[in-house]
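Structure first, then comments.
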Amino acid sequence: MWGFARASDLIAVAVLAALSPVGGAALGDPAGRVALGDAGLRVSLADAGVRVSLADTGGGAVRSDTGGGVPAPARVVSINLCTDQLAMGLAAPGQLLSVSWLAADPRSSAMAAEAGRYRLNRRQAEEVYLMRPDLVLAGTFSDPAALALLRRLGLRVETFAPVTSLRGVRAAVLRMGRLLGREGAARAEVEKMDVALARLTPPKGLPEKTAALYYPNGYSPGGGTLANAILAAAGFRNLAARTGRTGAGTLPLERLVMAAPSVIVTSHPYPGASRAEAILRHPALREVEKTAKVVYSGPSWVCGTPEVVKAVAQMAAVR
Amino acid sequence: MTEGAEVLALREFSVRRGDLPVVDRVTLSVAGGECVGLIGPNGAGKTSLMRGALGILPHEGRASLAEMTPRARARAAAWMPQAREVAWPVTVETLVTLGRTPHLGLRGPGAADRAAVERALHRMGLGPLRDRIATELSGGEQARALIARALAQETPLLMADEPIAGLDPAGQIRTMEVFAALAGEGHAVIVSLHDLGLAARHCSRLVMMNRGRVVADGTPAEVLSPANLSAVFHVRAHHAHTADGPVFQPLGVTGEG
Amino acid sequence: MSDRRLLGALGALLLVLFVASLAIGPAGEGFGASMRALFTGEGGPIVAVMREIRLPRALLGLMIGATLGLSGAALQGFLRNPLAEPGLIGISGSAALGAVIALQTGLAAAFLLALPLAALAGAVIAVAVLMALAGPRGTALTLILAGIAVSAFAGALTALVLNLSPNPYAAADIVFWMMGSLADRSMVQVWLALPFMLTGSVMLLSLGRGLDALTLGEDAAEAMGVNLARLRLVLVLGTAAVVGAGTAVAGAIGFVGLVVPHVLRPYTGGRPSRLMPASALGGAAMVLAADVAVRLIAPDRDLKLGVLTALVGAPFFLRLIWQTRRAGR
């Protein structure tokens, strides 16, 4: 049964990534409207056979911050991989009770070791409620039924939408700081991040290079995604966005071969086999890889947290 | 074809269904020139006898046909099962040509095969129907086409399981006349049938079965004796020899029949 | 229509579709340059596109379509039932299960032929079960019911195996295995499937005369010298080989073996021996056409091939059921 839960949860993460479309960019990322997360991995919705209700996207995304006057919550539970990491980075000792089990999985979480210090939840309303939290942190694509139930039980639930830009990362960190009453720590994180990013910004006048994001099933995030923002910060043009495509989508292998990008960003295969990942071993791709550098995107590419600096650094290293 | 040559020999021949013998130690010999009517009440073992003799059913004892290779056997005996099955919308000519299957070389039907098909079509009066789709024919026409298929096989022995069931009177008589004519040409025909009148008129020999055993074997007059009829069929009948040939008509039921 | 003219017409159609399959793709290179690259190996990255992506895709479409058409015609001939089709009655589904098990256990990674062999084994089991439940003496209804049961069972086990996989993408593969796709296959798959498909096709084509004789029923066929036991064995293994190999590399593609023989039967005089080669060409044409359509309709979306064949095939299926019902079988 463990395997079942695991696979379906990972799919949910993948789907979340798939659903990180134009939203953030189109809305202009006003302060307080935070987007979260753009996983490198993606499974198309139809492929996964997963239905995710979009019903509460709007409501969750526009929930405004609470301001500084409210006393900081003392019992915080997070049930979303990205809020898990934001919260772990900012929470005061003892403030954060539990994070989702995905946060402890080194394949999807950049803070797996830290997560081991927290109680891990399976994102079920029942177990969350029994922890008696005074704040529940979730993603806008968390199970709407679970969130609705928690709200009906009188719990305060704050949702974070997927982050699609570096500006969005800053906003998410600051919002999390406000929610946890840790504004100072949040501001320090943002400053640290900005310094690091400035150091990674390529000098002006360098010729533009093209990178192709290429994941299982040929998934390749276009413009208006966190992965696209990471490439841009390191001075790369995203092949999938070159045709003006935004959000989730696939890149035909033919187009990748024809474009001959200088870098291919892809993922390490998971254990066990899947037909979706078989495409990463296609002979035509191997041909391209002879002339291109291959970068494996890790968990730092998944969520809109200060960890994205590592992703940008990874790209800057192959610039 | 040598008239009188043996085309089927059964010796101590049995077919079992489970433990029950449905054909029970039958010894029978049929030669060219004979038109044998196989008669008996329902369940007497007529169908099992013929299928077993061909080797389609597992059997005990000796059956000359079952000892041959499938292809040799198919050239020695043609078999018309009772079920009139035509699965696909093939033309009558195609259907009749299927009868040449055991004779075909690698290249498909040759001149000899086509000639045999023509003979069979002609004999069954199917010339005008040759291009019609067999599955769209009337029951009687379809039956004739299937008989023509068996004829096209041009084997020394033809076995037919109730070929005249469901045909109109003219169709029944014509079919029996074809069988009798085949026998006249030196072929052997074994035909099972329930119409004792047609059996008496058209068959040169009758084999009467009951409960898996052959209980009488001889000329129609010998086999259709009042004693046999009463014991096996539980009927009494009027049997007369007229200028038009033998007339046989069951009249009433005797005993528990 | 004569055999030569029918096969000639189908062959010409097939050739056009094969070239179209080679010519159409997102790379957006001209026809002349593409073909030059394919044949001469010169022209930069388009060479890899033509030789490593489009050629295997077109070849697999051809091979899989041909064998689906052929095996559909053969199965129908043997079962004397126009509703028999490898995808519909669960043979493809069981082959997919075999393939998925080989992939998830790591067998396929350890030993290249394990993938098609496991799919073949799955297919053999399905055909054997179907023959036992609804062999030639079974009615159309029994066959379809047995097929539903086999399909559902194989589908459930496939989903189970993929859900239990430690790989999060495995669960997403369920759609691939159930609907089939030729996208981004390579020559590896072509070489993997080819020997099985050739062997199976030769086996099935050798059955023509026996299947013709079966038109008159089992008894009549047997009495005409057809060795039914041998025919059944060759049919089971031949069908399993081609369907297993096709499913192992491209998932289960349904309805091809139903639609193509149904359309071509009137032109072949209803004889299985003539229908089989015609259905092979027709099946190849149908799958290539569907695969070209998939690329034209949704070039960036990997629309599953089986979706299209089902959209075309399901109405045919309903019509056939209606006809079978009227015929009172």
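A few remarks follow.
The chains carry the letters A, B and C, assigned in the order they are written, with residues numbered from 1 in each.
Operating definition for what follows: a residue touches a chain if its C-beta (ideal position, glycine included) is under 8 Å from a C-beta of that chain, and two chains touch if they have at least 3 such contacts.
Only a predicted model underlies this, so the values are computations on that prediction, with no experimental measurement involved.
The chains in contact with chain A and with chain C alike: there are none. Centroid distances built from C-alpha atoms place A farthest away from chain B. Separating the CA-averaged centres of chain A and chain C is a span of 41 Å. In terms of their C-alpha centroids, the spacing between chain A and chain B amounts to 81 Å.
If you average the CA atoms of chain B and of chain C, the two centres end up 43 Å from each other.
By the touch criterion stated above, chain C contacts chain A in their complex at residues 25-29, 45-46, 48-49, 52-54, 103-104, 106, 108-109, 163-177, 183-184, 186-188, 251, 299-302.
Against chain C, the residues of chain A that register as touching in their complex are 3-4, 6-8, 10-11, 13-14, 41, 43-44, 46-49, 216-218, 245, 249-255, 257-260, 269-277, 279, 282-284, 287-288. On the chain C side of its complex with chain B, the touching residues are 80, 209, 212-217, 219-220, 222-227, 265-266, 269-272. Contacts from chain B toward chain C in the complex involve residues 51, 54, 56, 70-71, 73-75, 77-81, 83, 85-91, 94-95, 98-99, 101-102, 104, 133, 146, 149, 153.
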